[in-house]
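One structure coming up, written as structure tokens, with questions to follow.
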Amino acid sequence: MAGKLIIDLPKCKKQDMRSIQCSYKHHPDNNGLIVLLERIQFALICRKCHSAPCVTACPMQALEKIPVSPDESLLHRATMKCTGCNTCAIACPFGTIYTDLVPYVNDICDVCRGRLDDSEKPLCVRTCEDGAIDYCSDVTVENSMVEIFEDIIVQVPQGNRWEPFLRQPESAHK
Amino acid sequence: MSWKLWSLKKSPWVFHVNTGACNNCDIEVVNCLTPKFDVERFGIKLVGTPRHADALLVTGVVTRQAAPRLIRAYQQTPKPCVVFAIGACACNLGIFRKGYHVVGPVDKILREVDPNAIIAYVPGCPPKPEAMISGVIKALGAI
Amino acid sequence: MKISMRKPVIPVGPVHPLQEEMEYFQLTIDGEIVTDIDVNIAYNHRGIEEISETLQFDQVPFLVSRICGICSASHPLAYVQAVEEIANITPPERALYVRTIINELERIHSHILWAGLAGHFIGYETVFMWAWKYREPVLDLLEEITGNRNNYGNVKIGGCREDIKPDIIPKLLKELDLLEKKMDMLTKAVLDDPILHARLKGVGILTKEDAIKYAVAGPTARASGVPIDVRRDDPYAMYGALDWNVITQEEGDVFAKTVVRLLETLEAIKIIRQALKKMPDGPVMTEVKDIPPGEGCGHVEAPRGETFHYVRSDGGNRPVRHKARAPSYVNVPSFKASCIGEEVSDAMITLAAVDPCYSCTERMAVLDSQTNALICGFEELLRLSREKTERIRKGI
Amino acid sequence: MNDLLNNLFWILIFPGFVFTVTCGLLAGWVVRKVTALVHHRIGPPLLQQGYDVMKLLGKETLIPEAAQKVVFIAAPLAGMSGALVLATLLWRNNFATNIPYLGDVIVALYLMAIPSLALILGSSASASPHAAIGASREIKLVISYELALVLALIIVIIKAVGNSKVTGSPLYLSSLAAVTPVFSISGMLAFLVAILCVQAKLGYVPFDAAEAETEIAGGILIEYSGALLAIWQLMQTILLIAFPLFLVTVFMGGFDAGTVSALLLSIGKYVLVLVLLILIKNTNPRMRIDQVMKFFWYYCGPVLGFAIVLAMLGNAYGLGWL
Amino acid sequence: MDRILAILVFVPLAAGFCMLFAPRSIRTLLKWFALLVSIAAFISAIRIFAGQADTFTLVLPLQEFQLDLLLAVTDLNKFILLFATGFGLLIVLYSLKINPDMKHQNAYYGSILMAIGGSAGILLTNHLLWLLIFWEIVTASLYLLISTGGEKCKFAATKSFAMIGASDGAFLLGLAMVWTLSGDVNGSGTFIISELNIGTTSGTGIVAFLLLMTAAVTKAGAMPLHTWLPTSGQDSHASVMAILPAALDKLLGIYLLVLLVKDIFVLQAGALTLVLSVIGSATILVAVMIAMVQHNVKKLLSYHAISQVGYMVLGIATLTPVGIAGGVFHMLNHTIYKCCLFLCGGAVEKAAGTAELEEMGGLGNKMPWTFVACLIGALSISGIPPFNGFVSKWMVYQGVIEMGSEQLGGSSLWPLWLFSAMFGSALTLASFVKILHSIFLSRRPTNMESVREVPVTMIVPMIVLAFLCVLFGVAYFIPLDYFIYPALQMTRSGGEMLGIWDSATATILLIIGTVLGGFILLLSMRTKTVRSVPTWSCGEIQPNDQMIIPGTHFYKTISSLPYLRRLYHIQEKGWFDPYDHGGRIGLGVSGFLKWLHSGLLSTYLTWVAVGLLLTLGILCQIWKG
Amino acid sequence: MNDQELRDEIEKMSNKLIAIEQPLRNRYFLSCESQNAHDVCRFLFEDVRARFVIATAIDSDDCYEILYHFAYDELGTIIHIKAHIRDRENPSIESIAPFLPGAEWIEREIHDVMGIVFVNHPRLERLILADDWPDGVYPLRKEAKR
């Protein structure tokens, strides 16, 4: 039963993501959500500054702006270069990058593919206290939602800065 | 100082116990015997059975399988005997800390059976032979 | 005549002076003849494979160099090659030369080490002492290049951590010349000693068929006439560009293994000389950003044989699965073919002849960045010792 | 009574325990030092051997549970006292040549077996498989070199029988000393082989299969510790004097301490033997026990057989140099 | 008329004979009766030794055949007699508890008594024919004794009897020649030992000597007619081995050899001594080599019983005073320690229920007395100073050397004899190390935990013998002065020794040395605890039984050495066994004998009777002709 | 043999294989179901005469994977055979140790750490785990971590 993971960004308080548990197959100590949030932040919330302070600040040259369209470029963190020093988090004037978002160890979420029994929800859904994560097999993608990866849908906060992305969800794919 | 300790200091015979090391510490222990370092100058001699030993050179993390053997070796060494935890692994598990088959550093394992065990630590990964020698000498000097 | 049911057994290990490591050979004997052998290697199992999956790709080389201290250049190299295969990275040429040189230096020191230990095991202390004396300069060189006598940790994904500084090169060449002379002498001395012949020839023979069946690697295989050498078969680093020979012998006995090792040392010196001459200038690192999902393998001819690493990545920065096979893992079981029927003393040297190190039969390790954090200094040491001595003295 | 007191002095002080042990500790240091020099090492300090023994005496003594305890403890004592009596006998017969003391050369030969026997019994009482292997090797070693040693001794006896200089019985150590068999072909052969035998008796490489540290973890002595090990060490120390002294007495014209120059010469002989032993020790790997047996039986045996023929011919035709 | 002599001979004989047919109901009493008789015999022997008797003549009606039985005490036989009866007593004592419900109790005790009586007869008589008769009686009792072991001993018994019987045939033939030869000298032949003085220059003289010698050395168990010993040793009871092959047969065989060399024949150094020396040295070496690889205590001991004969033969063959004295002394010593060893073997077998070395181990704690006795016996037989074996071997060596130094060029093979004697001693040590290791030291197999020390009646004989070993070693002038020298008409200065061995002082010194060591030990242990720990097996725990390395593994290296391997191989196949050859060559004499010796007592006795009659008949014929 | 011939040899087995991938000249990844793995390995070892290097067990998404790594030294080629064991409850696979003694240890090890049963293995005893390691706990299975 393949379902989709729905992340409700407005509900997410972004403070204690590490308290969510994750049952990623290959790295049981994983917290796959963090990496998802990072990508969501970079794709949807980051202001995409021209002279990005975060990129210049990173002592490891781990941050990079990758052009996705002629006028758009996405922030990308090279996992093999970042040491998790969090300089970027301080440098970003918009608070896009949270300390929690730049993990030293990069985890993957596989949406618990193949590991869920019928009607069972992923561990992250069950352990998220505020109910910001949900898992459904059939969701209708509403306007306020971005289908950011194949199986992951993000409920974005009200506002319009990220509207362009609502129309081009594929651009978040790497 | 009693003559026993004094003579012990003059002629410590060591027995080498590997409890799950990576070989480096062990090779460096053996290296101490060789011309460049020549521990025989200090009367140190590597012996083949714990019965003859005055000091155990323990290298490596203590793995689950090795722990009882280490304890056995320790118990079968005539006292007084000094245990040297050689290398980062033996001192505090070093790189292998999270291994499921690793039960603890040397001191933890030995203190469980003998709270009074004399344990000296020679850090390094691997410690240089010079460090080992000076460790042994200093530890014995302290006695 | 009644045949006794009891089968006497000599335990060799786990704590035995024959081995530097913990392993347990159970030799069933009849008189002085070994009739069966059983090996237990659980002692060194540190659970490395499992922990490795919690580590970053870049940390793993430091970890795998601690699979075993002697092959501490080969294991990381094999691993790094596997990762480079996944990410399709080609390191700069200079880095490849540096890797070649360090690996050959390692081979030299490891072979000399073995020759010395072999002498030690058959009670030839002089050979032991002399061989290890000749080995010291190699370690010093390695220390000068990489910063450590062993566990160099010099390979990184995409290149090398430390370059060989130009001012070391003349010294390196000089030491190599000296070493070559000494090794020539040692080789001759060993190959001509009649008592060594008596002690080593015809001992612990591993036939070619058995060598293939047990899938042995390295000098153990080459001494049995199986001409495999990863450096030639699947050239990595810069071996393809250099001129050297694969040494093989047909007999498969301990003596053949000795010959192979000693001659390989001389070959290694040759390789290093060429590499130093041909080494281009340039950086030793390429930039590595991400490791894509995928799987790959790398193998390296370590001093004892082929080191094989298989890595699978899921796109994160930790491997999903990392398998490491060290040469001893396949060489050791071949004892069943080579030790049985030997005298106990011969069995011992046969065990030693594949140069087994069990650390590596148990693979994969975790790197902990705080390796050195909890180590006590000498002050601490002194204090502890004093305390304990006080206690002892009261006890006496 | 006086006799007893004399004997007591001889065995305990001079030339017995105190004297021999002192010399032996020095000789042991020489062995280690020269070995170290051969290895390009510096080697232990002068008193190292003494420290070792002292240290061992101060240590705890462990006794294996399964051991035959009485034998385990008694064996080193018996071995040491055998060695001591041997040393005393050899010294006295060299110092006071006019009165043969205690025994003749055959007695000496058999006294020389006591330490090995004690080692064997002690190790076999220690209930360890390694020790048992060690014991079995030691006894095989004994019968290997014994063949050669007996033959070498027979050559000496033949020489003594055919020598007109010999006034007393040809078996007296003092008369053998008068013969100086090394100055003949057969005697030289016998001497060379006897050196190898002594090498084996002392358990030095290449004949140390019984102790083979790297094979059977110390073999015969694997279970001994503390004071008992110290006693073994003392025994080895004494033997380090006694065995070369035996060679000096039987083959090289004895240890004469009459004048200073004679004393120096005698010490020279002893040191020569010792150095030969050390050199052999350091230029050979350990031989397998069956190789040892083959060596002594199939090589040394025939050579000495030939030497015996030479010696007999020499006696028959009055050719002392044969 | 010293009736005591006759009593000593005939009372045990008669008692033994009667016991063979004792009714089942009183069989339990038999052993006490046997004990009584043997005590009586021993006391008589003591009295005889003390000089209370000289001669005894039993005049038989057959005057013209000179068949009067003259029992005469000489210095030689009186001490042998003392020991023979002494051993008898010890064995009977030892046997009391050994096997309470032995089926053949009557035959067992009966034949022991007969053997005692028979040996007394052999020793005391001075008439060769009587000697032969007693000789046969002892052979018969040996046969009976071996057969008491039950079914499995049948073969051994038959084999022993066949081989000894064959050698007795040689004896008979030799006697006939002696008769003729002595006739040549004196006009009419004689069998009176003291009157005989036959030269060994003539061909017949040599043949006669060789024939009689064959009988003597076969009885004593020297090679090549030795194989009855190990065969019976393996199967029969250790006490049987102790009394006959180890003790009485040695005493008698060597006694006869001494008679032959000293009294009956006039021997010069030459071919005959060469033969004896060859037999002696070969026996020493070959037997001990075979002994080393044996797996069974009793068989191993039996081979040593053979090997040691070599020393005696060699000593006598030197013809030098010290050599002969050494040989005879060795005979005495050998009987003591070998008897002791066999008794220890028996004790161990009884306690552990097996005689296989591989199955035992670590019994030293459990059977301390047996261990001590066995240790002393082993050290003695291996010639370790200061025990008795060393002294007599040492004398034999001196005999050989003296022979060499006297006859420069003449007997130039003496280094060979010396070598085999001295080296044999080392090999003996080796095989006893194996025994000590396998039985008493080593580790105890789990199933041997319940083993207990044997009862005191068994311990006492062993300890007495062990004590004698020490005594005769430390104060070796006692037996020499009281037994050996008088017997050989020597004095201490007459049998002057080449070497010097101050055994008493050396023993004191050894003790001082040990005490010194003990003192050092005590000093250092005063404050330190002595701790008991498990065996160090390199850190791994192993099952107890796997850690036992039995002594049988010790000499596998030797048996796989080149050359020796072949030797051992053909030995295994019985190539050295004339008996087997006899069997192989077709149904020859031994086959016939095998058939005759069906193992039934009555058949056997008939056969003995018929044989004796035949013998007498033939002899009568010779006389007349 | 050259590269093409090797490819041909490998393709001879294609009826037993699910997929053949060749990402590099000298790297092959062959996938098969567990019941075919034994035959494929045997073919590679005995007919192609490839050298056995090692086997890897992976606790994969929905199955256990066993990777047999073979080397064909003449061409420096590494051939990985991925055998999928779909039965997660009682994972088992035919052992290759009977004809390839060099694989004995690794199969024992995989049995230790993954709990995969190798049918017909000559001696499927514990190899690398401590004697007192509890039965039924397989450290490399991902469940073990939870």
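Order as written gives the chain letters A, B, C, D, E and F; numbering starts at 1 within each chain.
Please note the rule applied: contacts are C-beta pairs under 8 Å (C-beta built on N, C-alpha and C of every residue); 3 or more make two chains touch, one makes a residue touch a chain.
The structure displayed is predicted, hence computed values, not measured ones.
Visitor: With a step meaning a move to a chain it touches, how many steps does the shortest path from chain C to chain D take?
Guide: Steps on the shortest route: 1.
Visitor: Measuring from the mean C-alpha position of chain C to the mean C-alpha position of chain E, what distance in angstrom results?
Guide: Centre separation, chain C to chain E: 64 Å.
Visitor: Which integer distance in Å separates the CA centroid of chain B from that of chain E?
Guide: 59
Visitor: Could you put a whole-Å number on the gap between the CA centroids of chain C and chain F?
Guide: The mean C-alpha positions of chain C and chain F differ by 25 Å.
Visitor: On a C-alpha centroid basis, what's the spacing between chain B and chain F, in Å?
Guide: Chain B and chain F have C-alpha centres separated by 41 Å.
Visitor: I need the residues of chain C touching at least two other chains; which ones are they?
Guide: Expected reply: 8-11, 14-17, 22, 29, 32, 40, 42, 45, 47, 50, 54, 129-130, 133, 320-321, 343, 396.
Visitor: So which bits of chain F are touching at least two other chains?
Guide: 129-131, 139, 145 - these are the residues of chain F that touch more than one other chain.
Visitor: I need the residues of chain A touching at least two other chains; which ones are they?
Guide: Touching at least two other chains: 26, 29, 110.
Visitor: How do the chains pair up in terms of touching? List each pair.
Guide: All touching pairs, sorted by chain label, are A-C, A-F, B-C, B-D, B-E, B-F, C-D, C-E, C-F, D-E.
Visitor: Using the touch definition up top, name the residues of chain C that touch chain F in the complex.
Guide: My answer: residues 40-42, 45, 47, 49-50, 85, 212-216, 228, 230, 233-235, 295-297, 299, 306, 308, 310, 312, 320-321, 323, 325, 329-330, 332-334, 336, 361-362.
Visitor: How about chain B: which of its residues touch chain E in the complex?
Guide: 17, 49-51, 69-70, 72-73, 75-76, 78
Visitor: Using the touch definition from the top, list the residues of chain D that touch chain E in their complex.
Guide: Interface residues on chain D, with respect to chain E: 3-4, 7-8, 11-12, 17, 57-71, 73-74, 76-78, 80-82, 84-85, 88-89, 100-107, 109-111, 113-114, 117, 120-121, 124-130, 132-133, 135-136, 139-140, 142-143, 146-147, 150-151, 153-154, 157-158, 161-162, 169-172, 217, 222-223, 226-228, 230-231, 234, 289-290, 293-294, 297-298, 308, 312, 315-316.
Visitor: Would you tell me which residues of chain F are touching chain C in their complex?
Guide: Spelled out, the residues of chain F in touch with chain C are 24, 26-27, 29, 51-54, 56, 58, 67, 69, 71, 73-78, 80, 100-106, 113, 126-131, 139-140, 145.
Visitor: Please name which positions on chain C make contact with chain E in the complex.
Guide: Going through chain C, the ones touching chain E are 1-2, 4, 6-16, 22, 24, 29-33, 40, 343, 396.
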